[in-house]
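Structures follow.
Shared between the two complexes below is subunit A, which has subunit B as its partner in the first and subunit C in the second.
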Partner chain A sequence: MPYAVETRDLTRVFAGKKKHWWRKPKPNEEESRGPVTALDGVSLQIHEGELFGLLGPNGAGKTTLIKILATLLLPTSGMAFVAGNDVTKDPFPIRQRINMVSGGETSGYGLLTTRENIWMFSQFYGVPSKVSKARIDELMHAFGLWDKRDAKVRLISSGQRQKMNMIRGFVTEPDILFLDEPTLGLDVNAARTIREYVMNWVRGQSGKTVLLTTHYMAEADEMCDRIAIIDKGKILACDTPENLKRMIHTQTTFRLEVDPLQDTSTFQRMDGVVNFSLRDDASKNRTELTFILENEAPVAEILSAITAQGAKVHALRKTEPTLEDVFISMVGRGFE
Partner chain B sequence: MTAAVARRSDLRFRIGLNLRSIVGRAYPRVIGANREPSWIFFEAVLPLLSIAAYVFIYRTIALNQVAANPVDAPRILANMNALVASVVLGGAMVAFWLNVLWSMASQLYWEKEIGNLQLYMMAPMNRMALLGGMAVGGMFMTSVRAVSTLVAGVVVFGVVFQVANPLMLLAVFFVTLVALYGLGMFFASLYLLWGREAWNLSALMEEPIFFSSGFYFPLGGLYQSGGWGSAVAVLGSIIPAGLGLDALRQLTLGETAFGGKFWVLSAPVELEILVVLAVGFLILARYALAYLETLAKREGKLTSRHQ
Partner chain C sequence: MSTYWRTFKTAAWLGWQMDSNWTEPWLFVIYSIVKPVAGAFILIFMYVVIWSINGIPDPHSFAFLYIGNAFFIFVGSTLLGTFQVIQSDREWYQTIRYVYISPISYYVYILGRAFSKIVVSVFAVLITLAFGVFLLGSYGVQMQLSLDRLPLFFVSLALGLFVLLAIGITLGAATFLMARHSQTLAEAVPGVFYVFCGVLFPLTILPSWGQAIGEAIPLTYWFEITRRILLPFQLNTGLAGFDDLEILAFLLVSTVIFFGLSIGVFKLGEYLARRAGKIDMTTSY
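Take a look at the complex of A and B:
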């Protein structure tokens, strides 16, 4: 059986801005002009029936990968297959089987009602109107959007809009659904509704596959069967959430809250420090440090290095490893 | 684990898919035309203002001529009616030209910005069904406006039309629309790549085409002016509205209007050329879209960057 999704050495380079003789470059443009390698030799296999997560920081290449799989963007080199079909050579059978929903999407027409909008998109997949309308009603109940069924899209809230987008994704009964940060900016309840529906959809029936991108660790951890951690276009690791966390199981994670530091380079050189990240909390005028350590031995040295700079330690916690810690141990920085 | 749902891809399924897609895409335009009553008001009343300007000029000239030469009054007044009718017809067709420019050509740019384009391009429908749906919806929406302009022309300005051959009139009107929207579909493809630049092009094309296609006067007059005037008129005829309007005027005013001197070609010949233009633009649109879609997918321009 073919994989639901397979990529082989997939690479995508975006050309930089073209030089035009009539345009003077702006001061910072020189560096942003060069080509960007959004995906760099990505090889992935996603099985049918899997809820697969792509976890990575901003600009990692998650959306780029999804766009290639959704036949909206061509690879620069390498290959990608969806349901066994080559995305560059045979898009039609792929398009019949997929759908995609992105967080913060503003698609549709504001003059139409939510129901009309979803119906319209289902027509592009050839779903008979009657079937489509019945499915829409059912999905609207499931997502708690029923009382907004006849509201014009330009008058509903962004959370309601996102639910409408999710229904648009499910109404065509795809085999493979791409969800690009589907809970972006949603409140806790709306996000939970969506997460639970997606999990039930994949696990409650056979042959359904979801590829989900997110930069919420907990979401990836809770939902996904397997996760690929991606950064700067490269897959750094790909495994179940448990195995990923077990990779740093022998290591110890410490979180510290300290006054802002002048110099953090000393930590890098210390024995027993695998990696560390820092995040400034401007509101409290403090810095949060996360250390991945081989064992607890370096803690004393770290504390004395901090106090030597005249900074105070406000909190020190030993924590269970999270997916973010896995990421920090690999690339030496956190997500935000 | 069972295999995923079987998907049909036979010809019958594809025809159904694309017909549904056309209806689906036309729907918001058809609905939109009725859902905002204020639009209808503006769309019907505003064009009357520019028509009125021409009508008053033509009338004043005619009345001055009658005053100077009362014996010739019947001929002068008939001529004036033909001119005013030409303007009203042109005003009605302006609605279609604006619709082609702003709701066909530049539409895909706008769809890209709000994130619809990627959803359309990701769907299994044929791309021509997408453009076709836009065109059908646009024609419907604009017909409402064009008809109200015509009716207002008859009621307010007292224009008299004489239709001798309604079938031919319908054929010319229909083929003109297909050719016009075929051109719009072709432009729409170009916008996939050009985006903003093409938007400016639309703005640039609006007014000069009013002139070179003879929206507010018989195009034959421009043809016969010689030199640059003729060249501009020939170019203007490539925009199907030019020849289409000329034929429509012949068929609603009679060939002998303006002493039969101001027509470009005879209506049947114009119809033939329009058919060629319609087919040509549709084919051009089909291939341009396929080519530019691939190019846009290669350059990463099919989707807006912030999505």
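Take a look at the complex of A and C:
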């Protein structure tokens, strides 16, 4: 039985800007002009019925991968199959079985009502009008959009538009659903509603597959059966959330909140430091450091190095490993 | 129901909603009447200015340009209707990625969206013609449409609209790869047709190279045969050597050629855009 999604050594390079003889390049333009490798030899297998997460920072290649799988973009090399069909050669049968929703955008025809927008898309998929209308009503109740069913799209909030787009994704009952950062920019309740609906949708019926991209660790951890961690177009690891965290279970994670530091290069040279990341909190004028350590021995040396710079340690705590810690352990920086 | 028909019907419904649903129905009706009548007044003004300069009236020339302009409404709106689909879905509504990945023919989707523009144009053309016949008879606007010429009229009208759609989609395919220049294209191309296809004046007024350009554009034959059917007199347009059926044959052949071309160019534009990652690009131009 074919995988719901399979990629083999998938690579996507975006060509840089072309040079024109009539225009002088601006300062620093030469460096930003070159080609960008968005995906670099990605090989993945997603099983039917799986809720699969693609976790990575902004610019990691998540959206590029989804666009290729959704037949919006061609790969530069390698192969990708969705429901057993080649995305390059055979997009039409793929389109009959997929749908896609991108978060954080405000797409929609403003002159139509929310219901009309969703209904129209369902018609492109051949859903009988009666069935479509019944499904729309049900989904509008589920996503809390019922009271906006007859509101013109131009008059609803961006969060409500996002909910409308989620409904558009589910109304066609796809076998494979691509969700690209579906909770981006939503309030806590709306995000929870969407997460719960997606989990129930996949697990409550057989044959439904979801590929979810996110940069929210907790979201990936809570929702996904398996997660691939992606950075700079490469898959760094792929496993269940538990197994990923177990990869660093022999290591220890410490988080420190300190005054801003002048020099952090000394940490990397210390024995026992696997990796570390720092995040500045401008509102508090503090820096949050996360250390992945082989054991607790280097803690005293770290504290000495901090105080030697005249900085104060405001908090120090040992934490359970998270998916972000796995990421830090692999690449030496956090998601921001 | 076939995928093509379902796509066409839904896209036409969407286009109609966008063209007609922006205001109250009564205001839409008033707008639909006032707009072509205002266009007719511009023609009257042009004619009166030329009349006062020359000192002699030329009702045949006025009727010629009036009929040409009335049918040119189809050109402007059909081309705009096809050009704008990609641009508007991509930049304004940001829906193109969801339409594009649905199991439809995007080519047929554009045809459906443009169809609503044609429907709106039919109304505008009829009002312009009625205004001319009933109120501008004294300026020379006369029309005759005998029953036996009706089939010829409808066949030529259908071919004219088909070729317009084909040209629109051919050029629309280029907008897959463009951002800001697609609007320029949408304005420039109808302008070229306005000058070279015998809309305002007969081709014989143009220099020989201009006439050659006009004769290579199928719309020239559409305007020619439409005038032959509707006007009770003929001006020398440079195509007098061809009879009606020959003109219709030119139009038919060029329609078939342009339709084939539009499919090929559209597939190429779509492939190049998908390869370059431009299908759903938003540039905010």
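Definition applied: the second predicted complex is superposed on the first by the 336 of 336 C-alpha atoms of A that agree within 3 Å, B and C clash if a C-alpha of one lies under 4 Å from a C-alpha of the other, contacts with A are read in each partner's own complex, and residues count from 1 in each chain.
Note that a contact is a pair of C-beta atoms (placed from the backbone, for glycine too) under 8 Å apart; a residue touches a chain by one contact, two chains touch by 3 or more.
In this text, all values refer to a predicted model and were calculated from it rather than measured experimentally.
Aligning the two structures on subunit A places subunit B and subunit C in clashing positions. Of the two partner chains, neither subunit B nor subunit C is touched by A:260.
In the superposition on chain A, A:120 contacts both subunit B and subunit C.
For subunit A, the partner that touches more of its residues is B, with subunit B and subunit C as the two candidates. Legend: residue contacts after superposition of the two complexes on their common chain; A:15 is shown touching both subunit B and subunit C. After overlaying the two complexes on the shared chain, residue contacts for A:207 are found with subunit B alone; subunit C is out of touch. By the document's definition of touching, of the two partners only subunit B reaches A:49; subunit C does not.
Of the two partner chains placed by superposition, subunit B and subunit C are both touched by A:108. Using the contact criterion defined above for the overlaid structures, shared-chain residue A:144 touches neither subunit B nor subunit C, since it reaches no partner. By the touch criterion stated above, A:173 is placed in contact with subunit B alone, subunit C being left untouched. The contact surfaces that subunit B and subunit C form on subunit A in the two complexes overlap at residues 14-15, 67, 70-74, 92, 95-96, 98-100, 102, 105-109, 111-112, 116, 120-121, 123-126, 168. Remark: subunit C residues 1, 3, 6-7, 9-10, 13-14, 17-18, 21-22, 93-95, 97-104, 274-277, 279-280 touch subunit A in the complex.
Those residues of subunit A that touch subunit B in the complex are listed here as 1, 14-15, 48-49, 63, 67, 70-74, 83, 92-93, 95-100, 102, 105-109, 111-112, 116, 119-129, 168, 173, 175, 206-208.
On the subunit B side of its complex with subunit A, the touching residues are 1-5, 7, 9, 13, 16-17, 20-21, 23-25, 27-28, 31-32, 35-36, 114-116, 118-125, 130, 294, 297-300, 302-303, 307. Remark: subunit A residues 14-15, 67, 70-74, 92, 95-96, 98-100, 102, 105-112, 116, 120-121, 123-126, 168 touch subunit C in the complex.
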